[in-house]
Structure formats: structure tokens, C-alpha cells
Amino acid sequence: MAELVADRSQEVMTVNIGPHHPATHGVLRLVVDLEGEIVRELAPVIGYVHTGIEKSCEDKSYWKVIPFVERMDYVSYFFQMEAFCGAVERLVDLEIPPRAKYLRMIFLELNRIHSHLVWLGTTALDLGAISMLWYCFRERDKILDLFEMATGQRMHTRYFQVGGVIEDIPVGFEQKCRAFAEEMPVRVGQYEALLDRNEVFLQRTKGVGVVERERLLELGVTGPLLRAAGEPWDLRKAFDYLAYPEVDFKIPVGTVGDNYDRYRVRVAEMVESARIVAQCLDKLPEGPFIADDRKYVLPPRSELSTSMESLIHHFKLVTEGYRVPPGEVYYAIESPRGELGCFVLADGSAKPARVHFRDPSFVNLQSFRDMAVDSYIADMICSLGMLDPILGGVDR
Amino acid sequence: MEIERRSLRSKQLTARDMLRGDLEGEDLERYVEERVVTTTFEKMQNWARSNSIFPLTFGLACCAIEAPISIVTARYDLARFGAEALRASPRQADMIILSGRVSIKMAPVVRRLYDQMLEPKWAVSMGACSSSGGMFSNYAVVQGADKFMPIDLHIPGCPPRPEAVLYGFTKLQRKIQGNPDQGWRARYDAHGTEEWARGGPRSAPSPEAATAYEEARELARA
Amino acid sequence: MPDAPGLELIRGEIERDRPGAVLATSFDRGQAALIADPERILDVLTWLRDEPGHRYAFLSSLHVADYLPAEPRFGVHYELLNRDRVERIRVKAMLSDPAAPSASPPEDAAEPGAAPTSPGAPRQSPRTGPLARPQDSPSALPAIDSCVSLFPTADFQEREAFDFFGIVFRGHPDLTRILLPEDYVGWPQRRDFPVGGEPVTFTYNEQRYG
């Protein structure tokens, strides 16, 4: 009997969490070495939703790649479309018209709010604040109504095309969107009232999961995780793409880098994104919504019955697709999780030779071990929620 | 059974007599008949099962945002069908919704989950990816979850709207109640127009298919 | 990005400090790239990371592209970022495939224990284990030094490159498959690997595909 009790403190048990687990935000498998309730070692095992998207893209013409890459990080689909379309636009040296830039920004920022709402709802659900799920998804449904109004689909809209956007926003969209952008800060205030000073939430998130700024930079972590640790790095401000320089917005930056700061940073980002949407609606210029270059962009359907050349262009684009001159380009944007980079290698044919996405969740997942080691398993679950991995992006 | 329309007063008097124990004979028989439904045990059991399904909290990819997360939210309320009790453990759940693409690494896990569920259980394949591989016809995605497990219901869409999932859910309920939706052929009396490959739904694979499978197996082993 | 003259200046400085490490430069569509010798890749990366005035200390992405049929076939890309000056530079290391048909296959196709280059190789006879084909033995895979010691972010990304292309990163702490099942045979993202999947069954081919 005495031997049984003696060595209990050195007892380490390996526990497998996932891939089917309510708190793992997708099919993430964690192999965790537990000593009592304290996590000693952690290894994520991924690949359970690996879809071979990058390989499939090599088999498709450039515009057919767009629905494929949308489905990688399945909560922020507009960002993947923007990364790919932006990369191809740089490859073919195509300038998109200003109206398209502003429309893209509106949808990107709405998607950012959507992604943060899904994050907030599911993470609060993990921590036990179940009411947040209902409220966040109520707002999310409003955003999806806007997407459906403009594009016809709630998710995976294939709205961005190389050269601009596929069609213009309908009548009534602007009012509805503006009403949403005005209402959003009020709602965020309500979420903050629920969680910001909630004693249970504070106890679970304050001081938990801290990783230093330098370590995060070494690990390649970007996005709200890096900004919560005090580094004001945002690709929207660093690299001027689309029309972000013309819009006035702030980047929320945290101080300590614990889970509470990550929560505050993302919630503040929602408010900033609502401001960006309102400003874009104010500044939305008139004009074409897609570029004019018929070698890469479909002509409008009304022309097909009158112009032979348009018909030929349309035929060529739909059957073979456009050919991109050989070259390679890496184009990165700021997605809700960090730096989303798209590498496209073109070999002169109508199909890309390599499409690779530098997915932020994939790289951010490397910091999870640092966040969770030597803390309780409940803190690990909280850190996993605040890390905001989307396994579709991790596994591609 | 004919239903007599009686005035409220006479109904009140009958009820009072029943409570006192004064009702007898034909009045008692009629009273009981009006309040009893006779049915078979199976029908009642199926009705109860279909209206209290415990789904498993299982989400694979994009469809998981629509179900099971979005359909339990207030707008597309799954609770009105009695299925609000989502269970995390497969031992306690009876319906698994395969929401998302099934990759080759995940397929054995899904099969193990399905095997751990207790009878009666139903599997719903939501979306194009789990029904047939969807747009991903490549090395990494299983081309349809019914390659390795039996599926009761397929819901098309990419991703299907939550309303579509709920519509599929009601069809599943009808299937559980023993009244499966036969589709348009039953409605329009068009049986006999089906096209079956190789001579029928339960026929053996053709000799060409059999040799092709053998060759593929040899290649994989080599 | 450093512009074209800036890129040549960087190349000149690296030549002065690490002669022979950079083979060529390329400036295409506004993006600067240095093509480095794969054997000296750590020299180039260390120089770019540590040299005052050129602190490209952030590795945005490490990925591989297969340039088949061009030789050398694999290009390992390192996307570096200098966050102070907000500049990106790309370093490419081109590797060829040692198991290509022009090269003769190695005689003793791998004793598993004597292959320190690939810690992820299975401890089984090569004829029956997952790396069962002669062209998959550790000595027949293209190899390059791992930069995990310089940039810890390369950990998962090098594993992904190994998983998809079969490129061995010497010195990586745990080079195993990350996204595909551990016993998967083949390197899917190579250009000569088929996309896979099933053809759609119509009545004309249903006999063949069941």
C-alpha cells in the first residue's frame, strides 16, 4: 500500500484529446502529458481535415481555383479569395478599379466581424458563457443576410474575381449595411457588458497563456495574438493594399499578452471594422466594379449578343481560361487570424503550377505549446479558444 | 367513431361524475374512448424517437458552422423539433451529422464514432463533401462517406442552408416514423422508371469492375 | 521590397561576407529574390537575419514549389520580412531529385539505422515499411539544412514540405508527416503524383468503375 501512495507526484499520464471533442474548435487532436491537472507536454496532431486543396488547384484553371481556396479557412472565406485574386492580379499586372477596391474592403471587413463573432460565440461557449453564443450568432446571421443579398450565398460566395468583384451590390444593400455598421458597436458594447468585468471570465483569462512578444515573433505568430502581446503589427497598415490607406482606423494593441488581452483586442477590432465599413460606404466611388481587360475578365452579358469579339473572349475565358505569363508571386494580407499569404507559381499555361497558402492558424498553432505547458488543463482549453485556430486553414 | 358535439355544460357534468366515480356503463365507456388512442407499440416508439433525437456534437469543416452550430441558434431553432440536447459522447447520442469533408485520416475516426453509438442510430451526410466527395475529387478526401459507413440521409448543398438541414431533418423524422419519403416517384406513380447499374440495386459487381478492383489492390500492395 | 538596385547591393554585400553563397538574383513583378546555393542556405539566412541594416528577422513562409520539368526541380522558398522597413525578400534554394531516372538508384537502398539524415524514417526493412520503394529511401530524397535553429517558425512548415514533397531537412527535431496519415506512401504535391479521386460514373463507364 505504501508504494502506491509514494510516487503519485511523479505520475504522468498521456491523454488524447480529440479529434472529436466539443472544445477543440474543429478536428484538432492534442496528445497531452498530464501530471495531475497540470499539462507537462503537448503535441498537436493535425491533418484530420486535410483536403488536398493545393493539389486540386493545380488541376483547375485560375478562376476555378477561387471556390477551392475559399474553403480553406472556412470562416474567413473572403480573405482567401482576396489573397489569391490579389496574387494573380500581381502576376498579370492588372489594376482593379476603385469601386472594386472599396467593395472588396466592405466585404473583407464584414467577414472579419463575422469571423470574430464566430470566435467569440464558440470560445465563450467553451468557457461556459453559453449566452454569448446566441447573441453572437444573431449578429452573424445579419452579416450572412448581407452576404446573401449581395452574392446569393451565405458562405463561400466566390464573390471576388481576378479584376474586381463579380457583380455590383444591389439596391438596398447600402442602407442595410449602414444600419448594420451603426448597430454593431452598440452590440459589441452589450457583449463587453456581459464579459468584460465578469468575475468568472476574468479569473479564467487574466494572466493565463502568456507568451512573450519575442517568442511569438520567433514562432511566426501574427494577427491579434501578436497585437495582444504589445506589438502593433498589422498588414493593413504596413503594406498598403486595396484602399486601406484612404480609410481611417486604429489597430487595437494589448499590453500583457494573456488571454484577456486577446479577447479585448478582437472585440475592439470588431468595432474598428464596423467603422471601416461605414467609411467605405460613404466613400464608395461610382464606376465599374471589375476591370476592363477582356483577356482576364468576362465581358458583361449584354454585350455578348452584339459584339463578336466579346463572344470570343467569353468563350475563351470559360473554356480554357486565361493564361498567366510565367512567374511567381507571394502576396500577403491581414486575415482575422494573422498574415494570410498566397504563393502562386505560374508556368504560362491556363492552370497554376503551384498554389500555396501560408495559413495563419497553421503557424499560430506552433505557439500553443508555449501557452499551455505548465498550466492547468482548464487553462489550456481557454488558451485554445483564444488562439482561434480554424482547422480548415491549418490542414488545407 | 362519431364525435358528438356536446355543450360545455354537459361536458362539465360528465367530468364531475368521473371525478366522483359516479360514471358507469355506457357513459364510462364513451368517456374512455374519447381519450384513448390505440396504436401499435412500434409506431409510438418511433414517434417518440423521432421527436427526441440527440445529435452528436460533431463538426468537420465548413458545414459545421451551419450545423451543428448555426441550426441550434435562435433563428434556425433545432430545439423546436426536440433535438436540442446535443451530446458530446457518442454513447449518448443517436444521430451523427457528418458536416464537412471526410479526409482519409479522419475516416477511421468517424467510423469508430459511428460504431460507438448505440442502436438505434442514424447518420446524416450533410453537404456535398460527405455525400460524394463534393468538389474535392482528389487523393485526400473520401469520395462520399457511404464508402465506409451507412448513411440514412443526404443533404445537398455547399454548404446547405440551415433551412435545408432542417428540411432534411424533418425527412429523417418521417423516415424514423416508418414513413420514409419516397420522393417524386411515389408521388407521381412513376415506379419502373429507375435506371439501375448492372441489373439491379443488389446485384454483384460486374466482372470488369471486379478485375479492376483486384488490379488496384495489387498496385497498392506493391 | 528592396527595388532592383537595392537587391543587387544586398547581393554584393553577401558576396563580400559569404562568397559563393548566392548564385543569382531575380527581380520580377516588384518582388526581390535571391537564389542561394542549397548547401550554404544557413549562411545566407543567418546573414540576412543578423546583419545590421538588413534585419530580415521574420520568416513569413517556408514553402516548396516543384518546377518539373525544369531542372533543378524543387525550389525551397523562404519568404523573409523586415518589419522595421516593411520589406520582403525571398530566398530560393533549388534542389534536384536524386532519385530521378537519370541518376542511378543507390546500391544499398538504406539501412534504416544508418540514416541520420532523416529521423522520421521507420525502423523497418525498406522492403515492407511505408518507405518501401527504393526511390523513397532516405538517401534518395533531396536534402537541405533545416533552419529551425534560426527561425523556430519553420518547425511545422518544414514538416509540411517533407510531407508533401519528400524533402529532408537535416537537423529538424521531428521530421514526420504532419498533414497526411503517418503510413501514407508517396509525396502528393510533386507534379508527377496524380491528383487522385474517382471519375464520375456514367452509363458508359459504370461497368469499369463498378
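Per-chain residue numbering starts at 1, and chain names A, B and C are given in the order in which the chains are listed.
The working rule: contacts are C-beta pairs under 8 Å (C-beta built on N, C-alpha and C of every residue); 3 or more make two chains touch, one makes a residue touch a chain.
In this text the structure is predicted, and so the values were computed from the model without any measurement.
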Chain closest to the middle [Cα centroid of all protein chains] | A
Does A-C or B-C have the larger number of C-beta pairs in contact?
-> A-C
Just give me the whole-number Å value for how far the CA centre of chain A lies from that of chain B.
-> 33
Taking each chain's mean CA coordinate, chain A and chain C are separated, in whole Å, by 26
Let me have the rounded angstrom distance from the C-alpha centre of chain B over to the C-alpha centre of chain C, please.
-> 47
Chain A: which residues touch two or more other chains?
-> 47, 50, 52, 55-56, 395
Touching at least 2 other chains, the residues of chain C are 180-181, 188, 193, 195-196
Which residues does chain B have that touch at least 2 chains other than itself?
-> 105, 136-141
Partner chain C, residues of chain A touching it in the complex | 46-47, 50, 52, 54-56, 58-59, 90-91, 93, 217-221, 233, 238-239, 327-330, 332, 339, 341, 343, 345, 353-354, 356, 358, 362-363, 365-366, 395-396
Contact set on chain B toward chain C in their complex | 104-105, 133, 136-141, 143, 195, 197-198, 205-206, 208-209, 212-213
Please name which positions on chain B make contact with chain A in the complex.
-> 57-62, 64-66, 69-70, 73-75, 88, 90, 100-101, 103, 105-106, 109, 113, 135-141, 158-159, 161
So in the complex, which bits of chain C are touching chain A?
-> 28-31, 57-61, 63, 65-67, 77, 79, 83, 86, 88, 90, 151-153, 155-157, 160, 164, 177-181, 188-189, 191, 193, 195-196
Touching chain B in the complex: which residues of chain C?
-> 180-181, 184, 188, 193-198, 201, 203, 206-210
